[in-house]
């Protein structure tokens, strides 16, 4: 029994509309992938390497195959093809030697690497049998550190291809001159640990093979559905038209969950092989070794300043531990890391180099704010150190170096992902002033001073950041209005819980004037939506939303056109509101959208020379990436007995261009901050020196709880809409997390009186105790 | 993460449970609250042939005052102890400890006996019971015995309960009048296993000096540890900032905590010193029980 | 050896023959087909699978279904079923405060908090609320709006009494 | 994980050295482990049920003498095992040495232990605690064994499980020299490893499959 829709004003662009997806989710009526059960289904269990680096001398599957309830046990030898999983984001670098096979053949390179696969009648028996697969390993020494991996005498992970995949370099200006003429040079070596997105729902897939028609149906792809369809088509040698991907609700993503992983091939392949539906739900322990990990960078960074503290140049050498394989997102994180590092500052000369290195750990891919969480920490912490060394106020140091409004559009000689970097709109200084005011940051600083005067260890900091949104160039959208007046929006993107359905509905309703309750948003279904690019890179609203806006405008035009005919009125006199089309100023002269849709029957449409149905299909092609920006403040207190860092206050201001739903934008910011605090203080995917993961459960991988995160203040600014899309929107998903590492590190540095003491995240209690000892007890 | 297969028994009386345990003591595990055991089963780190589930043995779930002593049936839920006003008044240390055990959802199901028998060196209840010199009553098909706390915890996850035996009751003596208690720990997140902790009981003399002290340490070694030298040093002394710091240093002087990814041995030792100091100061401040 | 069980979930008796090792979470989801209860870790940490067993919130992933034999289980589906399909005030507060994003952890939060609303005076300040929430992990919201929703729901529970 | 245990016994060094060569005798000091006679190839197969409270891990594996320095009285043993159910491996290099100390013998057992798979994948240090404690217990039992029951000279008998049976003794020099050079053949049974083998068992092993013999894993110092 569903709640009756309430009558109220249409909630369009800019409204704090409660979400349309909430009702089903609150009732426990969402449909996640493990909620899909297909009669007769089998359950897959992956046998994963328990060693970090070894040759496979043999695999004995006989005992497993004979176990009760087992239908099939397969190894790489059974797969037929040995094609690796292809790149999705290809920047033209040959990475073939580094791509991952679906199942390991002769060598395993990380704990968790799939080696064999078992299908059985239920998940319990599948796990029983998987335990019996006997893999004979000949262990090799593991390589666990990027810089060590690059040494000449390092163990090589593969024959014929070195451990360093590539060194990406970006530069402009005369860096040597900048440093040699500098009044001050400030250096630091800063590292960010390995952590990841850890959505609450683990991965999962269900595949059903209709052998008679040769059709495959797959539930569970969550991010880049159409890409999965195309890759499967190639790897399974099936036409795209015979693969039907079906969307489900997704329990979070954060960039890690929806890529094409080995299981995305194995489940459908096994369904075809066994002739039975096959289901797989990743368990949390395997999640921690198989999902893309993230971050793990070391930055050796330096900045040159003139005597007034103006930046003359910036140099950064980065070592990026990418784990054992290059996954479909390729080099994008490394590329962004080195491309985004200098911004939002007026840096006349820059030289960035990033070594992309293979180690015997789980592969590293994008996680919310890839490359920017790390780079923002490196750059902003360097500035925090510089402010101390130059005896300047940290806010003032930033203020004088921020790109000024007068310099917009700001276009240095630099490309990111092959596209020139252009800051096309904005007022970085203006946002800083607004934020300082809104947060009353001066009072935070004063409060921390008072606390220190009482002997407490407290500090504050500021960190500026620039985001990037809208990779992936285009998106598709469609709208259909039924004869009952209901609206269906089809999007090429996906939702993993951010509220995309509501946002798309709000955008469409701004043109169509229909209450949100009458709207359904469909995503991830390749039979209904022939093409799409997906949900990543904070692109859903910016690119997907623009496509929906175009489709809604085309639909509204058509509605007016047809209604004009029905009402015998002029098209330009008609408006859409409350689910109908009527003559402006006289509501009684109108027809409902349902009636308009009914008038778009096939025969009438044929006679009119129009496509049947009330609706439209549109594609939006984005001319330019967007670079939204923001600033964060933190205040922390350190417990001298435990080393615990308490984030007492946090504030994040963000220039979004246009917020379709400010409530959801704030939700994205606050949620991102909580994740950022995880990476700054709690979360670390630790490895033993034998390459064993030591934090492969929620007992040891510490996701912050309600008692670990503070109240977060937000300021969503809409001062600088982007000229590059019709909404003016700049993307929100990655904003909150971006500067947390930098802000927390800076505040800890301030608290202990020396930001130079802080050089690594996460700031675990032990690290904090050590830096307390270093800064408070210089004599010993 | 699905458990291996096992046989499952549901006795309704203690005798019945003992009989079931006697059949194949080595390969049988007792299932109490299951809040530690079932995760281990799910990880397949434990694969017993048979589980004897005590949740149907109603006679093992009780809280009783008997001659001033507190008798806790092994199957008493942690939440029951937490909600007991008598425990709060007379054995405040237990309440202080139990509030730090994981989260309410765990305490609703977890049992006092189960936590003791599991003997996790980072668990709160074993440390509190060690500080209180509790007695553990153990039964088997052959008979019964009582083991004092100092002999009960043997190794990480190993108590004095032998295969075939069952912990049936935990007994703590009445606390002296004029006692103050404190339980202090540090966990990285609320409800996590603590990196260190200290349970303190101070019996105050009329002149304000300490007549007797008990200090038990959490996470200081493979089992809950009593800091005997520090306890002895407190007798006749008064607790202030300086003496608390001094005694705390003494308490951790000889402990050798095990380091792990959450904190090295060195870090833990320093942490323990701070926590003992805090606990001493808190216990000294507790209004004296009438 | 399989066992016969009769488990009451949301007022309906489910009689099945199952292996003793079947987790209660699996029974609820795949035997009773009540998929509103979600499984996030299967080791008792994340709280997504929280249900009420005989009225008390517990983790269903670290209980065996056989342990719920002849006991009463309540899941998220009961919240609306008990109100003829209307959202429970706590659910309504979650909706209005934007206290959920992906919604995967939500049922666990609801089932943990709902019994606490009987004594709303214990949910007055944010520190109390955050402590009450600390046994449930959420990866999307940063908890802030969940805190707001619980405060809001507790206020609603107090108001009718005035 | 590097572990070191040492103890002293009253017995003279030659005798102790010799006693330590009998794996099967010393294995009794460790509950849950059994080691079988070799097939004449110098590779001993065994199994071990490691208990950590409610946790149990079954290993099967092999022990092989890597090096015996009879002059210095140091024997190094390579042991490797595999979980009977699961993907984990366990391996250990055990360096075992005896030295005269005037009245008796000092025994030093140095173990470099490497465990992979699920038991090793937890952040808390319980595994370390337990390994250390078990090695300590083992050393105590072994010490008692060596103290209480001087070996007989009845070489080659295989004691039945659970009885403190006779052990290889042969303290005569030829035998010892043989031992020093033996890397295969029946003598290896006594080849200096007893304590070592058992120590290893602490965290190891059980591998009865023919293929296990082919394991040529070289333990690498971490």
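Brief remarks follow.
The letters A, B, C and D name the chains in turn, as written, and every chain counts its residues from 1.
We take it that a contact is a pair of C-beta atoms (placed from the backbone, for glycine too) under 8 Å apart; a residue touches a chain by one contact, two chains touch by 3 or more.
Note that the coordinates shown come from a computational prediction; the quantities given were computed from them, not determined experimentally.
The chain with its CA mean position farthest from that of subunit C is D.
Of the two chain pairs examined here, A-C and B-C, it is A-C that is joined by more C-beta pairs in contact. The mean-CA centres of subunit B and subunit C are about 29 angstrom from one another, to the nearest whole unit. Between subunit A and subunit B the centroid-to-centroid distance comes to 44 Å (mean Cα coordinates, whole Å). With centres set at the average Cα position, the gap from subunit B to subunit D is 36 Å. The multi-chain contact residues of subunit C, meaning those touching 2 or more other chains, are 19, 21, 42-43, 131, 134-135. Touching of two or more other chains is recorded for residues 124, 131, 283-285, 686, 694-695, 697, 699-700, 705, 707 of subunit A.
Subunit B has residues 1-5, 43-44, 189-191, 193, 260-262 in contact with two or more other chains. All chain pairs in contact, by the document's touch criterion: A-B, A-C, A-D, B-C, B-D. Here subunit B touches subunit D in the complex through residues 29, 36-37, 40, 43-48, 118-119, 121-122, 155-158, 193, 222, 258-262, going by the rule given at the top. On the subunit A side of its complex with subunit D, the touching residues are 47-52, 57-58, 60, 111, 131-132, 134-139, 141, 285, 686, 688-690, 692-697, 699-700.
By the touch rule above, subunit C contacts subunit A in their complex via residues 19, 21-22, 29-30, 33-43, 45-46, 48, 75-77, 79-80, 84-87, 91, 94-96, 98, 100-107, 110, 126, 129-131, 133-147. In the complex of the two chains, the subunit B residues touching subunit A come out as 1-5, 43-44, 186, 188-193, 195, 260-264, 267, 270-271, 274-275, 278. Residue ranges of subunit D in contact with subunit A, taken from their complex: 82-83, 85-89, 91, 114-118, 120-124, 209, 211, 214-217, 220, 222.
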